[in-house]
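Order as written gives the chain letters A, B, C and D; numbering starts at 1 within each chain.
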Amino acid sequence: MEEKRNSGMPEEEIALELKNLRVKFVLEQETVHAVNGIDIKLRKGHTLGLAGETGAGKTTTALSLLRLVPHPGKVECDKLEVAGKDVLSMSQKELQKFRGSDLAMIFQDPMTSLNPVFTVGQQIADTIMLHNPTTKEDAFKQAEKMLELVGIPAVRAVEYPHQFSGGMKQRVVIAIALACNPGVLIADEPTTALDVTIQAQVLAMMKKLRDERGMSMIMITHDLGIIADVCDEVAIMYAGRIVEYGTLRDVFNHTKHPYTEGLFNSLPNIRNREERLKPIPGLMPDPSKLPKGCAFAPRCQYATEACREKRPEERMVSDTHMVACTAYDDPDFRIHRPEKGGKNG
Amino acid sequence: MSRKKETRGSEELLVSRKYVRQSQLRIILHNLRKNKGAMIGLAIITILVLVSCFADVLFDYDTEIAGLDISQKLIRPCKEHLFGTDDLGRDIFKRVLYGARYSLGVGFAATMIGMAIGVVLGAIAGYYCGIAEDIIMRLNDVLSAVPSILMGIVIVSALGASTFNLMLAIGITSVPQFVRITRAAVLSVRNQEYVEALKATGMSEARIIAFHVIPNCLSPIIVQITLRIASAIIATSSLSFLGLGVPVPAPEWGSMLNLGRSYVRTASYLTIFPGIAILITVLAFNLLGDGLRDALDPKLRK
Amino acid sequence: MKKLLMVLLVIALATGLCFAGAASEKPAAAAAVEYKDTAVIGFQTKTSSISPPTQTSVMHRLFFNLTHDTLVDYSEETSSLVPGLAKEWKVSDDFRTWTFTLRDDVYFHNGEKFTADDVLFTWEYAKNDSGTNATVKTTYNKIEAVNVIDDTHVEIVLKNGDIDFLYTYSNESYSVLNREAVTADASKGPGIGTGPYMNDEFVASDHTTLQRWDKYWGGAAPTKTLEFRFISDATTRLAALEAGEIDVCQGPNNTEHSIIRGMDGIELYVCPGMNLTFLAFNSEVPALNDPNLRLAIAYAINNQEIIDGAASGVGSVSNGMWGFFTYGYYDDWAGAGLAAYQPTNLEKAKEYLAKSNYPNGGLKIRMTCNSAWTVGALQIIQAQLKALNIEVEVQQLDSAGFTSMTKAKEHEVVIQSAALTGAGGDMAKFFTAGNTANTATYNSEKVSELFKLAAVEKDDAKRQDYYKQIQVIIHEEAPYIPLYYAGTGVAYSKKVSGAVWNGSGKFDYSKVKVEK
Amino acid sequence: MLRYAIKRLLLMIPVIIGVSFLIFFIMDLAPGNIIDTKIAEENMTEEETELLREQYNLNGSMISRYFKYMGGLVRGDLGKSYITGKPVLESYLEKMPATIVLAAASILVSIIISIPLGIYSAIKRGTFTDNTCMVLSFLGLSIPNFWLGLMLIITIALNVKWIPTSGFRGLASVILPAITVGTGLTATLARTTRSSMLDVLNQDYLRTERAKGNSEFRVVMRFALVNALIPIITIAGGQFAACLGGSVLTETIFAWPGVGKLIIDSVNSRDVPMVVGCIIMKSFSIGLVVLGVDLLYAVIDPRIKAMYARGRRRSR
């Protein structure tokens, strides 16, 4: 693992690259288009935030990276490379070696993510044994060290999942994920099921581990606060497509896409109490009957005839900031949300 | 609870309401129809029921079913006698068809008796933990200690040998199984939050059990029903060995199996055809049972 | 006394045919034929005790015959009494005092010598022991005293004379026990006898193993160990014979006789049995207390069809409610001006029906049986009686339920089978009141009187005549309708020799040997 | 854990008392008694039957006979058989080894067939293989025991020398009876395996196991199966307990000295002490097995062990 980090090759800059990912679930009556063409480029040591309402296809995207999309999902992708390895062409054997060592994942609901009949220590040791096999005792010791790392006293390694609280369980899940020091970590709404105070501790711990190990990470969440706190770059997803992508400053301060604006308007503004919340009208579109043109058009206040007809292309508004919205064909189109702090604010 | 009617985006509302209007029953039937196995099972069962009802029309009981003719004894399956003739010269093909009503009746009715008693007791035991559970479960252990043959002897001798008493005897011996299965299922359902929620709404315990707890335990119960039907039909053959089965000369499959027992080596077709009839009936009930179980269980739905 | 023996010999010849092949004595085989030291026999009815006084069933008596001896033996080949432990015996004129001269070279399996005292002990022990069988106890109660004259002479005095006493006393249940053995061990002691084989292993309804008793007074038996395996299912028992696990398969399925004949290395031996299957009409039921109706039914039933249908043809038609081998058997009905029941005679049946209370039938009779085999027979009778417009309801009960119904006289007609013996007096139990075997609840002073007379009639011709009169009365009143004698079959490997097969099912294995 | 076991053992006493009373009552209800069995064997006069009634005190009421019997039971004496005169306990224990061997072998056969079948059809849910697996598991239940037994004897025992046709002679002799009984059990066990595996396969923690890099085989066979074991053990344990009660038909066909045949023969000959004694011993051994299965839950599922520790097992 050591030699990969400091090699200067530009490709090494990219920890994970995904091109044109499409996932659909073929059922008897209908076909659900969960993901409709997503590109992700994650640089080493960086954290990408993947935000969007439930049903936008976030988890499906994450699972596709590990090629764990359950039946009857169909995954099509032009390119998927993690740490320089082409995941698409991997055989089952190679995939098993790949999962957990190069790419690891943390799941949303800690209550059901741990195997109830094995001790916590065993489950961590099991992962270690899978990737760098050693003696049982040695693996168990490493597991205890991992528990300490995530803030759980090593002595509890012999206890069972039902003896841990929600927060502690999530720490165990994190320990399992990091046991083999993965290059990239995907966190699928790791703290959604936890209450706020525990949420802050878990996030702080994740940030510390990420910085110590120089790990790159994809943080999936619908909570913009977490993204602001943890991520370097942001991708806003809607109905299986990335509608806006850019650095934290790009998206937060120079919001371009009406849907992103809507998300911000749904957040209460502590400083200005009287401001009325402006929730986005309507519901997420039915993934099996996506409307023509822009999926957000039916709920977009700026929607024009063109929006409903043409599928918006991705447009670079700065070297790091992309938006996919037909309205911007008209150069002086602006959304209501004011830009803050000028170009580099 | 429903949102103000939105002019824009109305078609999404229409779209999402698609699932609301279909009633629960139509969804179940819809899923059932999808399951090919269940349809095959249903088809076989309807044929069997039809044959059972119209057997009197097809065959004249006295001459073709019960009438015996020693000269026609033990003829191997041939054109006139598709399944051959038995040791008393009676045509097996007609007896198997005619016997459908007995075996189907005994198998199904006995299981229903067992289920009715067993499910009620099991539900009570599972729902009211503590004393009620202990009493019912211990009584259940006591009842299950009685060998089914002893139960048969007592019921048939006390109430006389008739098809109904046979059903009663087999039904009662299958009660312990149903009690245990239902209790286990109710136990796991009882702890769900929605049962507490229902209690909070002040619904009476009986209604909670009848309309909310038991429907959720249908899956193991249906499986048990289909299994019990099989063992009920087979049980009639061991009971008829002791003369406790359907009164002679009724052509019940179980008793035909038993009569053909000493001919296993010389005239095996005496037992093969009733055996196949039982196999088909049991399979049909199980394919239907599986289909029903999967259709009813929301968890398993796609 | 000599006349008695002569008559018995005549009857024996008449039935001797079927026993001719009985003793399948191998012709002098090549000198160097070696024999196994164990013979394995598969049997069909379970046994539950090794103590002779406690059991009287055929299977038990087969074992007691091997392990014990009686003072006097009954030979089924010659249907006559032969010396056992008593060399000779004589009886007083009033048939009450029987004096026996005993052998002095007999030893029990525990080494004790056999003396007259053992005869006295057996009587005293069996009379009082709670386990003793009811009939055995009644017979012993008929004995007033057992006087030991000296070691080799003993006198048995009966309360009242009985010419047939030795027939009963020759039954294996009255085998002699050893005083020392029984007083030492109450459960194993009665198992110690003087027979050719010793009780070795006994597991109820599983297996019994007997070891040869070398100091047997009749000469040591050829095979060292006899193993009896209880295999209740006939098809499995036959398969065990085919697989060579057992050498003899008692009572194979009638339905499988055809395959056995096709098996190489295996012989099938069938002989008309001593068990008579018959119908009994409960005369306490008003409708059935009508000889004409019963005769109509007797003539309407076709016994041969029943044998073919219910017993796969293995059996012989019976024409009289009396053992064909039993003393005093009479079946020359034409001679007595009567018509035999069989072959079936529908006109005569209709004739009697017309004279009965149901001239054109139309009544319903409940016929009950206690085993799966006889259900078939009843179904055939059910079909046959349709000719007389008599409807038969077939009912099957398990054996205890069946006997409790007949004891309480709640039955109408029952189909039963009974093992008949050689003694004429033994038939009384069917025709005299107070016996559970009298399922027809038949009670006629004439018949009871005739039986009493016959029991003490010294003149043989008179005695025969009494029994003939009884059979004629029974034939005319028809409380019972005899159907058939079920054949007893045995399948055995060709390597087996020395075994004696006979109709009663009480085979004699004391001389059996099996080639290697 | 021990406290829970003791509590369950104590609970067995009322069951055994209940069983003894119910069987006594039912045997009294059944037509005929021991005397009728003896009459069936050979003729008896009125005096003889009266003599026997005294000997078995059948003139007294059923209740008085029951309390006399219970007097003996409390001292651990199960009484003597009317037919053989031997103590009931001795006759029962004489038949136990064969019964246990057959029960264990049958459960082994049932497990070897059902569990792979159940897992395979759970994985391939809804496909053609799923249905065929279930149909296969069903053959065992719909083929009558005696027919399968006889066919096995004729086809296999006659041609394979080292497999005996009948009787309890060493391990080779248990193969055919075990297949006959075992296949009868597969239907229930295979279905239970399938439904419990289906429940487990939906669980999230299997996704975690896959994300760790486990092979699909390990995910199903180690992680999923362990969690699905509880219902499987319940049914397998119940079947083993039922087999301990003996299987009459198979014992008859294979001349197997088992408890089932002993009980049914005693019922037929109305040998009341033997019937009551054997059934008490049978329920006792079944109770032990069921308790064993319950304790086994704790070994498998720590959540249940925790509940045991709190004394009363409130719910699974």
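Keep this in mind: a residue touches a chain if its C-beta (ideal position, glycine included) is under 8 Å from a C-beta of that chain, and two chains touch if they have at least 3 such contacts.
None of these values were measured; they are calculated from a predicted model.
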item: B-C or B-D, whichever has more C-beta pairs in contact; value: B-D
item: Most centrally placed chain - per-chain CA mean versus overall CA mean; value: D
item: Interchain centroid distance [CA atoms averaged], chain B/chain C, Å; value: 49
item: Distance between chain centroids, defined by C-alpha means - chain A, chain C (Å); value: 93
item: Separation of chain B from chain D, taking each centre as the mean of its C-alpha atoms, in whole Å; value: 23
item: CA centroid of chain A to CA centroid of chain B, Å; value: 51
item: Residues of chain A touching at least two other chains; value: none
item: Multi-chain contact sites of chain C, meaning residues that touch two or more partners; value: 235, 370, 397-398, 401
item: Multi-chain contact sites of chain D, meaning residues that touch two or more partners; value: 30-31, 150, 154, 268
item: Chain B to chain D touching residues, read off their complex; value: 37, 129, 134, 138-139, 141-143, 145-147, 149-151, 153-154, 157-158, 180, 184, 187-188, 190-191, 219-220, 223, 227, 230-231, 234, 237-238, 242, 257, 261, 264-265, 271, 275, 278-279, 282-283, 286-287, 290, 299-300
item: Complex interface listing, chain B residues touching chain C; value: 67-68, 70, 73, 87-89, 153, 157, 161, 241-244, 247-249, 258-259, 262-267
item: Chain D-touching residues of chain A, taken from the complex the two chains share; value: 66, 68, 92, 96-101, 104-105, 107, 109, 112-118, 126-127, 130-131, 160, 162-163, 173, 176-177
item: Chain B-touching residues of chain D, taken from the complex the two chains share; value: 11, 14-15, 18-19, 22-23, 26-27, 29-31, 131, 134-135, 138-139, 141-147, 150-151, 154, 187-188, 191, 195, 198-199, 202, 234, 238, 245, 248-249, 263-264, 267-268, 275, 279, 282-283, 286-287, 314-316
item: Contact set on chain C toward chain D in their complex; value: 46, 48-49, 54, 56-57, 130-131, 133-135, 137-138, 187, 203-207, 229-233, 235-237, 239-240, 242-243, 245, 370, 397-405, 407, 429, 434-437
